[in-house]
Each structure stands twice: as structure tokens, then as C-alpha cells.
Amino acid sequence: MSEVKTSEPLFSKKNMELIKNPLNQINPVTIQVLGICSALAVTVQMDNAIVMSIAVTAVLVIGNLLVSLMRNVIPGRIRIIVQLVVVAALVIIVDQILKAYVYDVSKSLSVFVGLIITNCIIMGRLEAFALGNKPWASILDGVGNGFGYGLVLMVVAFFKEILGSGTLTIPGLGKLTIIPESFFDWGYMNNGLMLLPPSSLFIVGIYIWVQKAKNPELIEA
Amino acid sequence: MALNKDSNVYTIAFATIMVVIVGGLLAFVSMSLKPMQQANVKNEKMQNILQAIGIEETNGVTREEAGAKFNKFITRRVTINYKGEIVSDKTANDKIDAQDKLDAFNIDLRKEYSRYVKPIMSRNKGDDAKIQELLSNSTDIHFPIFVCEHGGEKYFIVSASGKGLWDDIWGYLCVKSDGETINGSVFDHKGETAGLGSKISETWFEDQFIGKTMAENGAYLPLSVEKPGKDLNNHQVDGISGATFTGIGVNEMLERNLAVYYNFFKNNPEFTK
Amino acid sequence: MSKDVKISKGVNIKLKGTAEKLYANPVSTSDIVIRPTDFPTLMPKLVVKVGDKVKVGSPLFYNKENDKVLFTSPIGGEVTEIKRGEKRRILEVRVKGDGADSYETFKQGDPNTLSKEEILENMLKSGVWPFVRQRPFDVIANPADEPKAIHITAIDTAPLSPDYGFIVHGQGAVFQTGLDALAKLTSGKVHLNITGDSNADEAFSGAKNVQINKISGPHPSGNVGVQVHHIDPVNKGEVVWVLRALDVLTIGKLFKEGKFDASRSIVMAGSKVKSPKYVKTIMGANVGDILKDNVEEGGRYISGNPLTGTKIPANGHLGFYDYQLTVIPEGGENRFMGWLPFIGFNGFSLSRTSFSFLSPNKEYDLDTNLNGEERAFVMTGQYEKVFPMDIYPVHLVKSMMIKDIDLMENLGVYEVAPEDFALCEYSCTSKIETQKVVREALDLVRKETA
Amino acid sequence: MEYINIFIKSAFIDNMIFTFFFGMCSYLAVSKTVKTAVGLGSAVIFVLVVTIPINYLLETLVLQEGALAWLGDDYANMDLSFLSFIMFIAVIASIVQLVEMLVEKFSPALYGALGIFLPLIAVNCAILGAALFMQQKQFANIGQATVYGLGSGFGWFLAIVLIAAIREKIKYSHIPAPLRGVGMAFILTGLMGLAFLGFLGFEL
Amino acid sequence: MKALEEFMQKIKPKSDGKFPLAHAVWDGTYTFLFVPGHTNKTGVHIRDSVDLKRTMIIVVLALIPCLLFGMYNVGHQHFLAIGEAVSGESVCNLFWDKFFFGAMKVLPLIIISYGVGLGVEFVFAAINKHAIQEGFLVSGMLIPLIVPVDIPWAMLAVATLFAVVIGKEVFGGTGMNILNVALVTRAFLFFAYPTKMSGDKVWVNIDLAEGEKLVDGFSGATPLGNAVKGGVDVLNATHASLMESVIGFIPGSIGETSVIAIGLGALLLLITGIGSWRIMLSTFIGGYLMALVFNQVAGDNLYMAVPAIHQLMLGGFAFGAVFMATDPVTGAQTNKGQWAYGLLIGVMAILIRVANPAYPEGVMLAILLGNVFAPLIDHVVIRSNIKNRLKRVKTA
């Protein structure tokens, strides 16, 4: 790694790309197919999705930063283990914090917090990016990928909660009723399938459909 | 730097330092957050218990205020076993000690159910008499009773757990001092069908139990959830339309658990005084 | 050691216009046409140009891939036209006869006394070699190959097809000469597959120097590929050569007479033929001459049988391999609610969705209507009913459609030829052009594995 | 009966793929042909059957609150459960490594079949996920935990083999271009999940 | 006819014009009215007279007895519920009233199902520029027959939309899908709107007109719902004895109650060879065997003890085995595979029905499961064929 170049502005075009691209072109979930396991199981309510996104982004950013800082001292032979330990430690801390401060959410996230450890996005970014880049770029990369992940998660949760429960639960605002009572009087009903696991897959499938239809260059051969 | 990153010494040193730092950090975080986490768990349970009483002061209690109210209203915590023997008896002055597994507050009926009741039931499926016999001889299964004193009345909060259509269901019921009239209830479930069985945790369902009794002419008569739309007597509540099997689960749970409490109250009249 | 094969899958489609076993008066043809397109994958290289004079047996063109394989003129006369299509692809070479056939001379003699090389050279030079085809791929055999066996089918089970026994009757000696020549070409066996349903002509049943196998059952039991599959299947890396008994006659004549005698007996059949009979004519003959006054208006002319033949114009020419000329009614009408089941007693169907299954021996007068439009593969079980090999035809065809060569190999692509799928194509509910798919796939596999 | 029910529940009802989406990354990446799917699926079963009992022992003898009581009264109150994530993942990583070496040494044939998949598995969330669920479910004994591991693995195996067969079949389909590949795999899995919902509540 | 043809030709929109949808609709209608006179260009010169339209129409014809019976039964059950008819009297009383009432209930469902489904087909045909495929002719008829008569129209429309788009069009349309479209519709309804699809009252029309009221003791439960509680005795007591369930004047989804009507359809499918007899037979065998096993281990469980034959005549078993399991697109496609596939469905149907009391209609889910397993079953069968071929090389 050459570290000669010094005077790059913090928010240069190149750096902004690091944040922007993972939202669409190289979205970790829909395009790179990483980190889906944890992404889909916690989408019945919006607040779970938001907290999960924040947790993943936090672990990703801090993990990226730490590994980037240590990139010159980590022994090559045990670098995977070192990354794993860093991630696991961060996840444990996140889990402990959730349990202490947002107990309800931590209950509904249950084991899925722990599964952040094996979220392929995180290990993938540490290995592919942080290990070879400077701290600031690594942070931005973490933010970008975290948001790219969160975006999909929240879109899925948005549809699942509105169609499945008629509400939207947003931290700080509580459960907002979206579908007005009068709809129900007219015979509208919440769609129970939206509360079941398969609906997440349908929504992601349709998300990919729309995304790739708009960006034909992403279509697989 | 002239450090050889590939040498064994360096690798081992690095690993050691990392383990020490990480271990220390985690231990510190865990220790400092533990009290809050435990308080969360405790408060939630207290909240549920208080909700079940069915008196105005505790209806709609939040988790934050649960701790204080619990200490105020719950005066005694008793644990009995299947035979109706008291195995633990604490007053409000006895602090809740997480290590005291017999303290009524530490009894998790869901766990008791899956550990002791479920195996007996599934092994002897179809043979109700044998199940009854095995269960009543088991001293492993504990039942908590929380005593609430308010406005000169005594209320007994008891607990029940069983299996619904898909997974566990559980709840707390509050019995008046006559040992048979229900004053309030809370139910919860792990995975009943949304929109059907899941309605057991809705207030309208829970409130139906208020005023119902589990005895007739001095004999135990289980509470039951009926098909919706029937004429109800004093022991029956309206079921949820379309959720027949969750209803059956609730019936089984109530019948089995409340019988233990009913007999206990019956055989220990001094307790309810 | 002979092998009896009974084939139960398949069906004989009974059409109106079966030929009587009688010869019509022989006709002479004004001109002949050789179509390079009759030979799948062939890349022709011309050796004549318009105006050249040719004798019987003079080369017209050869195969670019293997310049030893010559295609020669069946008559003597003058090359009058070379028709080209897109990208200057040669479609037809036309030779106008001069009436006085003069012959190129080739080696004559008992094949048993000739060496393998001599036989090969004689066959290649005279232009009879293209009769020898190979499996896999159903193309003209490569003379350099060492075939595992040679299979000769003496049955044609296709609708309205000629009776080989009737044609070959009395030519036992010539036929035997042809067999002897072929026997020299392989170290393996020569199989002669004759009908087991009735008594075969003695030219077949009395053949020597070959293994005689009796094949019985409905079409496509006469397809040599089906016979090979049941007698001694082709595996990956192996090659067998296949011929039809009538082709062997031409080879026999070559060795008997030392010349390329392209005359052949063919059958004229189909409901549009007024008097369906056999007729003696010549390879590549003009069908206008053959059918003169013997045909009704509005027919489709097919060189070959209605399942695998080639559509030709009314004054078109017989194909290189064809011993059959069929004329059936041309379709083309829109039929109001024509899909309704059980309506229209003539709508022959294998599927029992018309009443035709109640009268199995009735002969039908089918036209060329597609009876529907092409759709995705839907129905199952149809292909299997008419495909008598231990191969899953639908899956094989699907693998061909997606050009998955590995899968095709696994599913048995080396054993099949388009003609084996003709009945599948006929009965296909989804109206898929199965033979075309198979042909393209065979060419693809051949190219990729070359 | 107990064991059968645990097996059915873990394999069909709480199917790791259709209900929890565990190990979706490799499930999607390796399900293009049945052959590789069978390889990876078998490897998952294998690793789960080995690691779940070990993690169960770890959980009950070391990590659980009060689990260290066997060391003496001083340790009875220790609660190391906060370490479970890191310990489980360490166990899984090292066991996978160990198994890989042992298999290579003693059964080259098996190694040929499973070998390339084993390294993939250490970071497959199906393995850690199953361990965490095992912890949550608090099985009564190691036998139940092992059956749980076997059932979960079988469920995963079944899911990946089924989708691989379907993906081989839909090669003939004219799927809209934007859905080709991953998009289709998602929708397919959803439809399969719909069919598997029939097992919900199944009990013998 | 000539005039009609000319008229159709006159109004033909351009295929590459501004309105591709109009062309798709025109093309669909035209080819429905007239089998186009396309002739073979290459390959075979003659073609079998069967095509996909005819195949599909035969299945629709086979469904007609179920449909007619279903309409009548809807009326019959409703009249029973409001006390205008009583069980015990001749079922033919008020014949036309019952039939008319049922028809008015069922026809809207058919219109919605076809309207939504064909609408989606037309849109996709226009987008992809291909001809309309006939597959929905059958699905559109199956869907109304397997839902409760009281299903709200909007829900049926949403479910059909979902099933046709996600269950079929994303695969490229008819012939490409993996799961039976009608079953996806039903599964969607089942999980999305459980209150409308399970429970006692949904199976009989109780949308009462003014002045009507339900008779005392009306339950409306399907025989299977009753059988869970008390086995065959309850069945016999609630007018669902073996004979009665074969005839079919019992509550249930519209098309599934009468085994006789289903049998007529089955006969047509078997004669024409369109339904696979292997699948039908093996499904019944699988179900029968599984029910026998349950009979053996029943003990006190009255539901398990319901005689095997009676089990097969109840609920949607016969309907599913005849009309859904045999779907040529989603079922197993190899002959050997069809046996395994049918057995799997039969066994699973009874297994889910009995071991999973929440889903007395196990058949539909079992067939969906069968659909999911079918490609694997075929794969195994074909693998063995491939192995044989490879073995041949080695032994040769």
C-alpha cells in the first residue's frame, strides 16, 4: 500500500462513491447476495429493522476502522481469526447494550443479534476493504455498506409491517397506525402472509426485479 | 519498522495481547451493564404479574414503574408444588435473590412446563389417567403464588402455561380471596396465528375472565373457552372465531394449572384468610 | 446369432393413399437435381460449372471437410444451373440429361477379393459413399473412422413408406454383393435388421456374412437408430455406420457392374396421388415427370415421407436419400373453434381427444395444418409413448433447447437422429419443431466436441 | 417420540432456510446444480452433528449461569453467558478446521466430496445460528441437542437440494431478465417456504 | 363464420403499434375463435389435431360436473342453514331455487378469477410480445372451486393476482411454473386471510338476506372439522357418512364435496389420457396406506380411527388427486417419478390432515409440497437413467 498521497479531501468524489455505490450498484444484499440471513428474519416490524441496521452499521464501521488501523500489525497467518475476534467482540458489546437499553427490541431480535458475527457483509468488507485501505476510507465504506444493507431491510420491513399489521413502528414515535380504521370497516384485512417468513423473500425478489429493471447493466447473464 | 510479522513469536504475542484486551473489555462491559439487564428482565415479569391483578392501580403499569409498584402491592411470594405443599414462602421484606431458585418470583412456569410437564404428556399421550398420576406425584414442578393486598382485599396471582396451536402459551390469573373467582388475567403466546390465536393476548379476551369462577357448589369446574356466539355460563368465555385450537390449548392449560391452585386454596383455608 | 427386438412404443399413422404393390410404367426424367442441403452439415465445394458436360458418376462437388467424399452425377448430360441462396450457399446443382448416358468406370469385382482400401476408394470415387451415414450425429460417415458395427435396416415403417422387400425382390445377388463390400469395412459386425412382423423377402432372410436381427413393432421401429439402440447401443466415443437396405443395392451394383447406377424404384403415395404405385426412376429425378397426370390439384409435394421428408415444389426433385414421393393435401384454412375436442371426425389424434381412437384401422386424409400454435412444453407422456428408446425424450429435447452439451451427453444425444423424434414432433401438443431442435443440437455437439 | 418430534420440528417446521434464512448466502451461491448442493448440504449436516453437542457441553458446563458449579462453590455464581457468541464461533471454526484435517487424513474419498465445502462452512450462519438456538431452547440432555443438530442440518440439506433441482428445471423457463439468477432464487425460496408452511404445527 | 372472421381481420391492431396490449387481446380472442391456418414449414408435414387449447378445454370440461354440483350444493347448504330445507327430506326440493341461488354466488367468483388472471396474462403477453398461453383456462376454473363460497371478492382478486404474477409469470408463463397456480392462490388466501379460510362458518354462505336467519344449532363446520373431534361417529351423525360424503351434499369448498362429480371428471381425464393415471392412482394408494397406518396406531384417537376409505372421500382429497396433482407442468414428469410423486402427496395429505389438526385441508398443502419435490424426484429418476448409460460403457 502506498500511502504517499496525502491531500485528498475528506469528502472527495471518490470517497462519496464509497457511500453511494453500495446503495444501488453494488448493494451487498440484492446484488452481492451477502448478509441475507439476518436481514430477513427481523423485518416484521420497522423498529426491529431500524435497530438491526444501526447495529450492523455500527459493527461494520467500528470493525472496519479497527482493522484498518491494525492493518499493518496484524500477522497474516491469523488475520481471519483476528477479524473474527474483533467482530465477535463488537457484536457482544452491541448485544449487551441492546439488552440494557432497548430491552423490548433486543427481545424480538433474539439470536439474530448474535448472527451479525457471521454476516458475510462484515467479514467480507473487513477482508476486502479495511485490510488494504486507510481508516477514513474504511469508515466511509462501512457506512455505505451498512446503509445499503439497512435500505433493503427497511424497505422489506416497511411493506411487511404496513400490509401485515397496518402499522409502522418507529423508535421514538411508537406504533403509528397507517391503514385507517375506516378501511377495515369496508372489509379490508391485514395480510397475515406478510407476518410469515416467505413474504420477506417475495419482497426482496420484487425489489431486485425493480432495481435491475431500472439498471439493466446489473442483469445477470 | 523492522518487525517480522510472520514470525511465530510475533503472532503469539499479538494473539495474547488481543485476547487480553478483548477479554478485559468484554468483561468490563458485561459487568457494568449486567444490573440494568437484570432489572429489565425482572421489571417485565413484575409488570406482567401486576397487570393480571385487575385492580385500577396496576392496570396499564409501565415497565419503569413496575419495580416500585411490585414492592408496594405484592406482600407475599409463595411457591407450592403439585401436591400443594409450600416449598418457599417469602414476604415483601425478603429481597428477591436471583440465586434462590425456589423463590416464587424466580419460577418460570414456561420452563417448568417444557422441562417436566411436556415430556410426561407426550410420552403418555392418550392416557390421561397416567398423566394425571405422574404429574401429581412429581415434586419437580413448582407453582408460584403472589399475594397482593389492596383495599383490605387479598388477591392471589397464579400462573399457568401450556401449549397452544403452534407453540407455548402462558399467562397469569388473579384469584380473589374466595379462592375461586377470577379478578383479572394476562395471556401471552410465542407463535399463535396472527389475527386468530394471537388474539388471546388482547384485552377484550383477557377481560372476559373477570368475575368468572372455577368452582360450582364447592367442586372444581374448569374455566373454559367456548365457541364464539354461544350462551355463556359463569365458567365460560367467548372464544376467538376461527382459532379453535388455540382455544383448546387455553382450556387444557387452565384446567391443568388452576386445579392445583384450587385444591391448594381449598385445603389451606387459613392461607386465603 | 440373431437378436429379436420387439418394440411396443410408437404408432403407425394410417394415411389414405397407400401404394399398390405394382410398378407403373417407368418414366424418364428431363433433368435431375442434387441438393447439398440433403446432407446435414455438408459444406460443398463445386468441381463443375454451368455448361460443363458430365458423365454418370462424374463428380459434381465434394465435401470441404473431407475432400475424398465425392458427390457424383446420376445422369450424363450438361450442368445447366447452380442455384445459390443466402451467403452464396449452394442449394441445387441441376444436370440436364442428354439421353445417351455415358458412364465413368469404376473398379468391378467380388468385394471378397478386394482389400478394404480398394473398396473404400471405389465407394468414395463413385459417389455411393454418402449412403453410409454414422451415429452419432446422423451425418455422412467419415471413411477414416473405425466403426464399431454397421447396421442396415431393411424396414421402413413411416407412413406410406415403400416396402423394401417388394423393391429388392429378385435382386438378392446384387444385395449380397453390397453386403460383402460393407462387411470389409468394419472389424465389428454387420447387422441386417429385417422385419419380424411378417415374412421378409428372401433377399433379406437369405443374406449371408451378416447378423440378421428381427425387428417388430410400430413406427419408428424401422428407424435404424432405434434398432441400434436395442441391438448394440452407441456409447460416447463410439461410431456405428448405418444404411438402408435400398442403399446397399446401389453399392452392390457398383461392384457388380463397375459403374454408378443411380436408378432406383420409388413409391408414389398419398391421398392426392390418383393411382399410388411404385415406379422405377432415378435419384434426383423431376417429380413433375414422375407424377404427370397422376396427381390432383392442391397437394403438397414431399420428397420422402410425411414425417421426415422435404417439401418440394410441384416440379421439384427427389432427394438423394428418398425412395418415396408423397403428395398430401395442403392445409391453410382457419377453422372456427377448431380446438374443440371430439368434433370433426377426421381429426386424427394419438391423444384420444378426438374419436379417432375408436377406429384404429381407419385411414385418414391429413393435411399440413399445424392445428394450433407453438407453445411452451406442457404435456408429458406424449413423447414417451412414441419414443422407443431408453432415453427421456422430453428432457433430452429441453437440454437441446438450452444448449447444455454436458446434459445432452448424459441424456443420450449420441444415440439419436432427428428422424427418431418425428413422431414426437407429430404428436406434440405444444407444436414444437422437435426435429429442427434435434438437428441443430446435433450440429452443435458435433462442432463443440470435434 | 420426543426425539422424533425434535427432529421433525427442526427439519421441517423451523426449517433453517424457510423460516430463519440461515445460511442463505451459500444456499443461494451453491444451489445451481444438485451435485454441489448435495455436497454442501452433507457438509452442513456433518458439521452440525459434530459441533452442536460440543457447544451443548460448552454451554452447560462452562457458559450458563451457574454452570461452573462443578469447579467448586466459589464459581457457582459465575455467569459467562456473555462470552457465548465468541466461544461458539471459536469452537465452530476450530472444529471445522480439525474435522477438515482428520477427514483429509483418514478418508480421502469423503474429503474429495466434502473438502471444498468445509472452509465455506465456518462462516455459514446456519452453524452459529443453530448453536444459538440450541442455547435458547435449553435442551434437557445432549441427545436432544444432537438430534436437534441433525434435524436442522437435514432441513438445510433438503432445502438446498430441492432448490437446486428446481433451478436445474427452470433453466428452460423464460424468466424476465431482471429476475434471472438471484432474484428468481429469492422468489423460488419464498414459494417453497409457502409449501413448507404446511408443516407448521405438525406433531406426532 | 366467414363474416366474423372478416370482421376480426378488419379490427386487427398492429402488433408493433402503439397499443401492444390491444394486439395481445385481439390475438388471444382471434386464436380462440379460429385455429389459425398455419401449416408446417419444416420437420413433419402432418400434425396431431390436439393442441394446448383443446387439452386445457378438456380439463375445464372435466370440471363442469364439479362446478354444477358445487353451485347446487351452495344453495342447498344455504337453505339448510336458514331452515328452508331440512336434512332428511329429498335434496331435490326447491331444486331451481337452490341452483339459482348457488349460481348467483359462484358465478361472480368465476368472473373475478378469469378476469384478473386473464388480465395479467394479457399484460405480460403484451410486454413480452408472445401469444397468450392457455394455461390459465384451467387455473381460472380451479380457483373458484377450491375457495369457500363466502370469500370476499377483493381477497380473491388479490390472491389470484399474486398467484399469477409470482407463481407463474415470473417463470415465463404457462409450462414454466413450479407450483400449481390455483394452489398458490389458495395457499395465499389461507395464510394471508386465515379468518376467511378456516373456522366453521366460512364454508356455507351465511350472508343473509333480509328476513332470513340461521337455524338453531347451525354449525356450518366441514365434516373434517367435525371428524377431528369425534371421528367417524360424529361424521355419521352430521350427515357425512361414507355414502353421504361420496354423494357430496356436505359443507366444503365449492367444487370438492361430491366424489361422484369428481369421478365423472376423472373419467374424462383418464379416457382422453390428459390426466396421468399413474399420479391419480398412486395418490389414492398413498393416502389409503397412510390412513391404514393411522387406523392401526389409532388407540383412543377417534380421528385417526376414521376408516381409510372414508378419509379419502372427505375434504379435498379426491379433488386434489384428480385435478391438481395431475397438473402436467408442476407434477413429476417421468413415469417412475410420477409413482413416487403421487405416493408422497397421498401420504403427506393424510399425515398433515391428521397430525396437524390446524390444517384439515392437508391435501392442498401436500400437493404444493409435492410440486416442490417433483423436480428432485425427476432428477433422481433421470440420474439413474444416466448412470445406466455410463455403466454400459464400462461393461462394454
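All chains are identified by letter, namely A, B, C, D and E, in their written order; residue positions are counted from 1 within each chain.
We adopt the following convention: contacts are C-beta pairs under 8 Å (C-beta built on N, C-alpha and C of every residue); 3 or more make two chains touch, one makes a residue touch a chain.
This structure is a prediction, so every number in the text was calculated from the model and none was measured.
Counting C-beta pairs in contact, the chain pair with the highest total is C-E.
Nearest to the overall CA centre, using the mean of each chain's CA atoms, is chain E. Relative to subunit C, the most remote chain by averaged C-alpha coordinates is B.
Between the CA-based centres of subunit A and subunit E the separation comes to 42 Å, rounded to the whole angstrom. For the pair subunit A and subunit B, the distance between mean C-alpha positions equals 35 Å. Between the CA-based centres of subunit A and subunit D the separation comes to 22 Å, rounded to the whole angstrom. Between subunit B and subunit E the centroid-to-centroid distance comes to 46 Å (mean Cα coordinates, whole Å).
Residue positions 166, 170, 172-173, 176, 188, 191, 194-195, 357-358, 378 of subunit E are each in touch with at least two other chains. Of all residues in subunit A, those that touch two or more other chains are 81, 85, 89, 92, 96, 189, 192, 196, 202, 205, 209. Of all residues in subunit C, those touching 2 or more other chains are 376-377, listed in ascending order.
Interchain contacts (touch definition given at top) occur between A-B, A-D, A-E, B-D, B-E, C-D, C-E, D-E. Residue ranges of subunit D in contact with subunit E, taken from their complex: 34, 161-162, 165-166, 168-170, 172-176, 179, 184, 187-188, 190-192, 194-204.
Within the complex formed with subunit E, the subunit B residues making contact are 126, 165-166, 193-196, 227, 241-245. On the subunit D side of its complex with subunit B, the touching residues are 1-2, 5, 66, 77, 79, 82-83, 86, 138, 140, 200-201.
By the touch criterion given at the top, residues 1, 4-5, 31-55, 57-58, 61, 131, 133-135, 172-176, 271-274, 276, 328-329, 331, 333-335, 378, 382, 385-386, 388-389, 392-393, 396 of subunit E touch subunit C in their complex.
The residues of subunit A lying in touch with subunit E in their complex are 187, 189, 191-194, 196, 202, 205, 209.
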